[in-house]
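Order of writing sets the chain letters: A, B, C and D. Residues in each chain are counted from 1.
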Amino acid sequence: MIAYLTNLATLATIFGILAASLNLLIGYAGIFSIAHAVFFGLGAYAGAQLAMLLVPDLLLACLAGGLVAGALSLCLALPALRVRGEYFVAASLGLQMMAVTVFSEAHAFTGGHGGLVGIPLASLLGFDISAPPTFLVVCLVVLALVLVVIRVLMRGSFGRSLMAIRDSESAAEAFGKNVARLKTLAVVLGCAMAGVAGVLFAFYMAFVNVESFTLEQSILVMAMVIIGGTATLIGPLVGVLLLLLLPAGLSFLPFIPPTEIGSVQQLIYGLAMALLMIFRPAGLAGRSAGQR
Amino acid sequence: MADIPLSVRGLDKHFGGLAAVQNVDLDLRPGVTTALVGPNGAGKTTVFNLITGNIPADAGDVLLDGASVRGLQPYQIARRGVARSFQDLRLFGRMSVRDNVLAALEPAPWLWQPGGGGARRARAKAVETALERTGLTAQADARAMDLAYAERKFLSLARILATGARIWLLDEPASGLDPNSRARFVALVRQAVSEGVTICLIEHNLDIVTELADRIAFLDRGAKLAEGEPQEILGDPQLISIYFGEPR
Amino acid sequence: MLFLQLLLSGIQTGAIYALTAAGFALIFGATRIFHVAHGASFALAGYAFLACSQMGLPWFVGCLAALLLAVGFGLAMDAFIYRPIQRHEGSFFTVFVAAFGMTIVVQSLIELGFGRGFVVVDSPLTMARAIVPGLYLADIFWVAIGLAVALFVLVTLFLERTRAGIGLRALSENPELLRAYGLSSRRLSALAFGLGSALVVPGAVLTATTSGLQPAIAAQVMLISLAAAVVGGIGSLRGAALAGLLLGVVENLVIAFVDTQWSSAAGFVVLFAFILFRPSGLFGQAVAR
Amino acid sequence: MLQRRTFLLTTAAGLAAPAVLRAQGSPYVVGTLFPMSGPNAEYGMLFTNAVQLAFEHIKADGMLKRPIDLRAQDSLATPQGGAVGMQKLASVDGASYVMLGFTGVSKAAAPIGTRSKVMMVNGGGVGPDLAGLSPYFWNVIPLVNQEVKALLPWLRQKSLKRIALIYVDDPLGNSVLEQLRKGLPEAGGELADTYSVPPTAQQFAAVAAKVRSVNADAVYFASYGAQQSQIIKQLRDNGIKQQLLTYSAGSIPSVLSLPESEGLVYTSQAADWSSAQDPVTQRFVKDWRAKHNSDPSIYHQNYYNAMRLFALLAQELEKAGTPVNGENLLATLLKVRHFTFVGGEGTFQDNGTLELPMQINQIHDGRAQKIA
């Protein structure tokens, strides 16, 4: 039981980092990306490759994963500068679909559908950190760091500028904000953090393949952010706990026949998403309109 | 020429076949409030958008202190001391009133605002002053979208006030205000003018125009038909009949 | 010859995409709701048709059942999901998540009701014959093209000639005009959902006989509709239909030049390119920034 | 929210506690980790039905002294779902033996199962990457290479020389590609052309057009799930009249029941339902037909065997008086190696796969018939 809870907690922490980084885009910068799993994947692949080819050091891997994801996030920044709203959603969708094909085709980097197997155990500055409880602690530390960075930045002028752009791009520009640069910074920062989450994921799973970086994953993370509450620090975490623990919790229900377990779980899961959006449209941790 | 903070020379803009602005000249001088007046669709807001670089001009030029701003991005023009308001306000709706004003005076070139603690305190002070002058201190922590209509209009003014910009372009700043708020608004603008701010405003309410404007530029179908003292323009029956929309 | 063959099968695929995408565009144009559950309407219609044909009912009964279910679902989404959400804060993404949740619900219900496998309705119309040596076409090709053209003409006529149709177009362009016409925006939005959902029926029925159905088909259809609606210029019916056709053709033709692996991604490459280089789409107005 | 979370966790703990107790007490906990929702859920259904039948037989025969407690987890056919499900089966349910399927799931679950010393058994397709994945990971099915190899003599006999290959670009598909590329020339044939498709592709009219243009004698496809039926249907609809060939994945009901599958030839391990002599196979076929009113497929056979393998291993352990856990199950498997399964006698190889006699089947009137 402890091992199971540790496992869930570690996954929840990794997804917490992922959701928090997407919240930077969706919640603060108003960039509605449904391609976040792409950058999660880029980080995971980069981290795994580094660990397999050079050294399984988590710090270096995080650096590499963050760099690769951050650099390639310019593919997302480009449409983000040109279009907004539904158009951007569609652009990120296109990017996501293309990336999945590239991930499955670029065998040298990703191992194709077979994925990368045998990712070595993680170490940090020479210490073995692969034991599940230790790794959980490391993940929690990374999550804490990410949250601190987001909080500090979002409380500062950068955060205010992003939110100003989100609420009215033209007005922000009229007050001297370099919208292109700020948006690009936000995208790079958010995607680099997603890359770091990907590195942790790769080390934790010891195996990665394209099935973890699909559109479904992107939508799951997006749902976590929206259901939890955008532009709040704890909202994405609340969303992660709910959406990760809901299926896990449902699997404990004794009365579902084993042959129908998947469908019934999905049914409840989908219904929960719809109902939450009807009754808590600003998310569980968000404040609704009219509330002062 | 150099003592004119902002001058517009032969500005032209076409949207498809429609001439939105045709050969408009305009000089804005410090301490002088100029009103752009004209019927709906005369191209007044387009003139603003051309000045701030939001849309590129087909021909003509905008000079800030005698230097052309051609090719500059809107944010670069803004940083040269041009602040504007919008007809539809464009507040930062989900941010607090205080953050709305604060965001307006931080260009935030990178991840942080340079200048350190001293500059930060100075900015905080500027924000408080702007909020005080616009009477929004009590609402400082409310979200902009939750404000009443008049409060929102004052917030859009507070954003401009706090920046310390020397040129203000105000797009229908007083429309829809009750008489009491209107009086406060007029007082605010007058104080700014007395402090040397150059103001250009678009306004439909002719009472406000007569109260505030030192000069009036009359636009119709993108062209400047006349410019002069308020009584001179408002006394011209032909212009007035265009303004009040005789069948055209 | 290969090129021609690929072009023709692209047109058949594209005709189905076009109708589905036009439905999506109609709903989006009139209500500004990104109806992500459009794919679920498609799946429901397809399975309704399948159920009827399994019961041995004639094909037009199946089509009618598909129509009723698709329209009913569209109207229900509008009334019970979108409207309550929009009454509150109703940001674009809130709607997106709720609609996606409902897509999952529909998919699970289909799994529970019809099992999880691939199913197909048998029809003699789908068997291709050589019309000239080396060029194969099935009768269903003509059915698809005919239906697409006929329905498109009908919908266009409806939008241009009838009061309700003009109201629908006005809903997105100029809501104030509606009041002048004395039309209720609530009724019109229901009309948009009904009509838009009805447009999935031919595609669903044809797919049930050609490439077959599976519970997860909703997501696929949703992606294509969305891509076509954007490439066509959001809200433009004509654009969405043409873009749907284009995506179908590209998906098929691309195989003549690159590895088959890229076929389904090709449509999204087109989508991405359009957004970068011509964000207004084929027929859209310039994007307001 | 905090409250809700605590609630969920305590509910989880409350429900799980008796399970852990029971695992120490009477029943043996056996887990299944199949996709039970999503595009591959048809397989989860198939696998589960087969496990269920074996479970009933084991109970009816009183093969084991203690009852078996079957626990199902939805793997969603994704690595993440596999990891979470495996961890739950291993550490919450206390399963000592888990049946699973799908490459991504298997690879993600294998390290967790190995760490917790849980026997894992796969009965789905086997690419070279699943052979020898972990000492605790076994396949009750031969390597897909074996299947291709078994087909080559038949191709030669029927003088089908030019083969076009449609394959999913994953280790299994690539292994088929490699085997055909190597084996066909030796059998006097050649690969006419190859087409790799993504596992999510649904439209094959264009592929069909290309296949037609190369004028092959036969078309081999290596895919799985709903995609297989789509490939068959669309190839036939688009005028491909040539012989269609595939591996054991062609034996699922949705393929069998598809009219277009008439004449499809696929390889599988020996599974001759009509003329089987041995009692294990006879009983399996008879009871399957009685229960499901159709012929069993290869997957039914495999997962029946997987479940049966557990009973056989546990039986040995009960005889010896040693506790039934993953470690001991593995030791017994390595010691015995040779088992009586549905389809005949099977021997486990060192690479973690099962050596079984192979056969070639053809679909006729919705039923599979052994043709070689």
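Rule of thumb we're sticking to: contacts are C-beta pairs under 8 Å (C-beta built on N, C-alpha and C of every residue); 3 or more make two chains touch, one makes a residue touch a chain.
As the structure is a prediction and not an experimental result, all values here were calculated from the model.
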Quiz item: What chains, if any, are shared contacts of chain C and chain D?
Solution: A
Quiz item: Shared touching chains for chain A and chain B?
Solution: none
Exercise. Could you name the chain whose Cα mean is nearest to the mean of all protein Cα atoms here?
Key: A
Quiz item: Distance-wise, how many Å sit between the C-alpha centres of chain B and chain C, to the nearest whole number?
Solution: 46
Quiz item: CA centre of chain A versus CA centre of chain D: separation in Å?
Solution: 33
Quiz item: In whole angstrom, what separates the CA-based centres of chain B and chain D?
Solution: 72
Quiz item: Can you list the chain C residues in contact with two or more other chains?
Solution: 107-108, 111, 116, 261, 264-265
Quiz prompt | Residues of chain A engaged with two or more neighbouring chains | solution = 100-101, 104-105, 170, 260, 262-263, 266, 289
Exercise. Please set out, as single numbers or ranges, the residues of chain D touching at least two other chains.
Key: 37-38, 41, 44-45, 169, 198
Practice problem: Treating touching as the only link between chains, describe the layout with one word: line, ring, star, complete or other. | Solution: other
Practice problem: Let me know each pair of chains that touch one another. | Solution: A-B, A-C, A-D, C-D
Practice problem: Within their complex, state which residues of chain A touch chain D. | Solution: 1-5, 7-8, 11, 100-101, 104-105, 112-115, 117, 205-209, 211-212, 238, 241-242, 245, 247-249, 251-252, 254, 258-263, 265-266, 284-285
Self-check item: Residue numbers on chain A that touch chain B, as the complex places them
Solution: 153, 156-158, 160-161, 163-164, 166-168, 170-179, 181-182, 185, 189, 231, 289-290, 292
Quiz item: What residues of chain C sit close enough to touch chain A in their complex?
Solution: 28, 34, 81, 84-85, 88-105, 107-109, 111-112, 116, 219, 223, 226-227, 229-230, 234, 261-262, 264-265, 268-269, 271-272, 275-276, 279, 287, 289
Quiz item: Which part of chain C faces chain D closely enough to touch in the complex?
Solution: 1-2, 5-6, 9-10, 12-13, 107-108, 111, 115-120, 122, 126-130, 134, 136, 138, 210-212, 214-217, 220, 251-253, 255-256, 259-261, 263-265
Quiz prompt | Residues on chain D engaged by chain A in the complex (per definition of touch) | solution = 1, 4-5, 8-9, 11-13, 15-16, 20, 32, 35-38, 41, 44-45, 48-49, 70, 72-74, 76-80, 83-85, 87-88, 90-92, 103-104, 107-108, 110-112, 116, 127, 129, 133, 168-171, 174, 198-199
